[in-house]
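Paired with chain B in one complex and with chain C in the other, chain A is shared by the two complexes that follow.
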Partner chain A sequence: MAKTLQERRAERQLMIVLLPSLLLLVAFVIYPAIYSVYLSFTNEALTGAAARAPRLIGSRNYMRLFGDAKFWNALFVTFVFVLGSAIIGQFVLGLVSALALRRRLVFRSLFSSIILLPNAAPEVVAGFMWISMLAGGDHATLSRIVSFFGLPTADWLQVFPLTMIIVVNTWRGIATAMILLTAGLSTIPQEIYEAARMDGATPAQMFRRITVPLMMPTILLYMLISTVSTIAVFGLVYALTRGGPGGATELISIYIYNQSFTAYQLGYGAAVAVITLLVSLVLGIAYVRAAKVEI
Partner chain B sequence: MSVAPPGESANRGRADLMAYASLSLISIFCAIPFFWLLIASFDGNAQLFLRWPETWTFANYLRVFTKEDGAKWLFNSLFVVGSATVLVMVLSGLGGYALSRTRAWWKLPFLYAILLIRVLPSTALIVPLYKFLLTLNNAEGALLRPIFGGATRDIMRWTGFIDGYLGLILVLATMQLPLSLWIMKTFFDGLPRDYEEAALMDGATMIQRIRRVLVPLALPGLAASGLFAFMSAWGDFLLPLILLSSPELQTLPLGLFRAFLRINEIDYGLLTALAFIYLVPAVVAFGFARRFLVQTFSGGVKG
Partner chain C sequence: MKKTVFGGLCAILLGCTSTFVQAETLRLANHGQAGIDAMKSTVERIEKKLGVTIEVVEYPAPDKDYLSKLLTELGAGNAPDLFSMPSTAAVADMVEAGYLAPITSEINAWEGYKNFYDVAKKLAVSPDGETYVMPYMLGIQEIYYRKDVLEKAGISTEQPKTWDDLLARAEEIKTKTGAYGLLFPAGVSWGSGAFDEGFQHLIVGSKTPQIVTEDGKLDLNGEGVRDVFDVYKTLIDKDLMPVQPLLGPEPWVIPKYEQFPAGKLVATTCGSWCYIFDWGRESKNPIPDVTKVVGTWTVPGQTGGQFVLANLAAPWAVNAKSANVELAKKALLEIGSVETQVSYAARIGNIPSSKDAAGDPEFQKLTELVPIHAAAENGTFLKQAAGFGTVAEGVARATDALLRKEVDAAGAQKILVDYVKETLGDDMVK
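Right after this comes the complex of A and B.
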């Protein structure tokens, strides 16, 4: 079917109004992503001889990665961080909140507002507040709470650094999990529960046999989204610990930053970044396919 | 409504009680860190730990503006994030309209691309982005210096790509574009074409159609797109950390972070007041955005 002149003109106009967005995305996202692949094969640095005359060094950065204990440490820390905060912490507390908020409770909107609050706090403010919560000495809030229960206090960020950043990130992300899971719960028809209740099912049975299986797709999507977004966490943990003590909280994002802007090894930093980009991209593709996003 | 057997209502009561208990515990967990910020910022002798002030005072807030450059940081943050938000609203309004209405071959690839761009962590892009911006910045400097000479630095403060407002605004806006384009595309999908077609029949040009018909209809969508862009750009720490170095360009997150790093002279009253000033616009925007949260989170990849 031949397009009319008017239709073709309209299509051209649509392309023109989209062009500025396309240009910005290509310049500041797509091109840097491709450029990082190139950089990862060079010995590019911010200072020194390599900064003036960077050259291609083949796969040497990637070889170095495999033997770099700090890189494996960063991968391990990131894995535990994602598992502890996104997959377990945020998910469990988000699910409990979503289930509880489905009931007709008196302070429902007050509860949900408070749970949303940590998500609204900027990363640096959140980190700063938790420095006070977790400070050493008997006056810090967490130390007071545990000693109220008769437990020993500690300099939390020094003794349990990884556990603490998991707690903090869990705190920040309960809202996201709650919102997504609430949306998933609302798609389960109420009639199914009523039918089950007629048949004499207990609440525990209904949860296991109805809620969990019907929520599976939502849960899977939540896991993928939160994994990807937790891999990207930087400011919250950087403001709290800057990766320390001794690399105990050096997430892959902090490792990239430190390699590039503290050690000035841009090429090596880019190799780590490329690995991170690939992992995120694979999870992202899995998400788009699993979500059957309507376009 | 059917009459519930006696065991059922007891069950319900116990379940409600459990719901109250767990929600209370989770709410306490969520709210507790904020207490220190709120109380210490009004404490005449604020400490790192939570305590009831002996004297209540506004002096901490005054010091943010007299002793530190709080006013400048606040202006920089508002200016940079505000400009980026306006830019995102304009671009996502136009682009979202195009993505919704076009029948061209690039529609699907473009939409899949912006979904996938949203999963790329900005920490992984920051190194090549920095290199690229440095190149642009040097080129701009080389171009301007022969014309403006010594005044170049003052101009580059506004138009530079590294350590200049323009670069930070453009990059911040770009990072918010995928979500905003998605929101606007979905929004326009829900608007019937009848209005535009009627306007087209009446011989309205593209510009007239946008101004008279589409903008008024699209305002709720633009509000959502702008709010999410504002919240995300306002909270961003990485980009200003890497792109800015001059003290006169510092934004609130940088001012807060750097003031905290001066270990020997930490003034907790001033820091908490500063953090509270930085927190308020974020919470207000979040309050407005609440009703859009569900659609946005479930519609695309997370916000």
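Right after this comes the complex of A and C.
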């Protein structure tokens, strides 16, 4: 059926309203992404002969990447980091915080402020703050705590580097998880819990049978956001360890940076970035599909 | 009314005139407060002499971050007109990239260049035979040791004659004083310092003293490279050098600024800047009577010989894509003046490349540096080649693995070779 004049005018107005956003998206997201794909097929570099005359080298960067043990190490480290800090650490502590804040606590405002506090510090500042806590030597905070209990001290970022960055990132991300999950919890009507209580359901049963299923869309949305954003974490870990020692905390984001701005191999760095984009895309699609599950 | 119109016309005319006579602007990159302070009087002099406006752009202080930002801007074509380079190792690669404007004819015609030390002139010549940098300051490096600590412990202060002799001395220091005996900068966190202030000292006195072949390839599989890593391995395994601080984010702070002044580290490689910046008059933790308390040894060769390492300290260059290359070259020659050299020497402690500095009354006041300046011509150096920046990063990675006791000397050499091959291609490594 032909559109009326009014409908066509409304469509035109809509396009005009959306155009600036569309242009910005093309300029700052779509074009750079396409250019990165192009770069990944070149030997473009920041210095040396390849910087003067870069050339197309086909799929050589990708062939090199698949045989590069450091790339696979970076992928593995990123997987453990995302699993440990986003999927387990932040989610569990965020959910516990959200459930706790639903109750009538004495210091509820203080408790929520403390949880939100890590987000107030810029990530590099937070990184340096944690270095002072986890550094080697007798004066570092954690070493002082463990020595108080008669336990041996250590340079925690050297001895347990991956565990430490998981702890720090968990600390930093609890607030986001808590806010999202609190929003999810608030959508569950209290009447359902009251009815369950009248039927004799225990708190554990109510959590398993009511809270978790009804929160599933929120949980999956949180998982999608936190997984993708944790894959992209850079500043906090770079400030803490710079990817060391010996690649133990070299996340894929740090690996991309090191290839592009330490080894100055932009083409190879772009190839790693393209693969990371694909991994994020696959995970995103999987979460979106899972979110359509009927409860 | 007429007065108002006349006044308005005058204002417009004045505005137009001032636009026409407005000075051209040169952008100059600088990093680190000491470097910015050292350039202050030079900037004023250039503005006055050339009638230009100089805009000083402050860059991040750590050398590695500075170089990354500079290279990114050079690649993008929006870098400043003039800039310094944190490491000599970066120059050849930047020449290959076409970032630097050649200054051979200008610098050779410049009167001030005639009295530069030959070692500085040689270091400034790139593999293609052209000169691209102003080699106005030299980093003269050797081993600095705590004379007072050694004398008190009854340990010889004589010049060690071989690597074995040096390691034996470090061991004696550890046994008799409990302090660390010797430090060679190492590890990824130290950036190019692992190469510039560590590895180079030893390789020039090894069985394979150069790592560039006649055809410009990098010879990294040589016996000398492995032997150098073996020295690191010995120092680390016998706990003769501090390891934990070198794995942290600012590895130089604890050993250089805390342990050495406290006598807990007795010997370390360093440059003349240590007498000024690290432990001298510009230091936050100075050692009183630093030249009496801290002595120097040249770095002994593997089986003999003595080596004092010479590098170009933060050489300046002109951006090849500068909108006003000729003007920038004139400004570059001003940066090479004795006055600027002395200003840098006073604040940072590097050595002026001009012999004329010896006659400068301000330089004469820097009594710590005068004898080093007089002997600067004896400096040894590695022949430069494209890919040195990559070698420096490879050395940092290899020594990092040694610090973590993950590999032996052969393993460290493999890390270096593999990294350079991965980055530059198999055909670049012999």
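Definition applied: the second predicted complex is superposed on the first by the 249 of 295 C-alpha atoms of A that agree within 3 Å, B and C clash if a C-alpha of one lies under 4 Å from a C-alpha of the other, contacts with A are read in each partner's own complex, and residues count from 1 in each chain.
The rule is simple: a residue touches a chain if its C-beta (ideal position, glycine included) is under 8 Å from a C-beta of that chain, and two chains touch if they have at least 3 such contacts.
Owing to the predicted nature of the structure, the values given are computational and were not obtained by experimental measurement.
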Chain C versus chain B on the shared chain A, clash or fit after superposition: clash
First, second, both or neither for A:Arg64, with chain B first and chain C second: second
Per-residue contact with chain A, leading partner among chain C and chain B: B
Which superposed partner A:Pro213 touches (first chain B, second chain C, both, neither): neither
Chain B versus chain C as contact partner of A:Pro245, first or second or both or neither: second
Partner chain in contact with A:Phe261 - chain B first, chain C second, else both or neither: both
Touching partner for A:Trp171 - first (chain B), second (chain C), both, neither: first
Which of chain B and chain C A:Pro189 touches, first, second, both or neither: neither
Touched partner set for A:Ile131, first chain B, second chain C, both or neither: both
Touched partner set for A:Thr47, first chain B, second chain C, both or neither: second
On chain A, positions contacted by chain B and by chain C: 131, 135, 137, 239, 261
Contact set on chain A toward chain C in their complex: 45-49, 51-52, 64, 68, 131, 135-137, 155, 157-158, 239, 242, 244-246, 261-265
Chain A-touching residues of chain B, taken from the complex the two chains share: 11, 15-16, 18-20, 22-24, 26-27, 29-34, 36-37, 40, 47-51, 91-92, 94-95, 97-99, 101-104, 107-108, 110-132, 170-171, 173-175, 177-178, 181, 206, 231, 234-238, 242, 253, 256-257, 260, 271, 275, 278-279, 282-283, 285-286, 290, 293-294, 297-298, 300-302
Interfacial residue positions of chain C with respect to chain A in the complex: 64, 68, 71-72, 74-75, 90, 93-94, 96-99, 188-189, 244, 247-249, 386-387, 389-390, 393, 400-401, 404, 406, 422-424
Sites on chain A touched by chain B in the complex: 11, 13-15, 17-18, 20-22, 24-25, 27-33, 35-36, 39, 44, 93, 96-97, 99-101, 103, 105, 107, 111, 114-126, 128-133, 135, 137, 139-141, 171, 174, 176, 179-180, 182-183, 203, 225-226, 228-229, 231-232, 234-235, 238-239, 253-254, 256-257, 260-261, 266, 269-270, 273-274, 276-277, 280-281, 283-285, 287-288, 293, 295
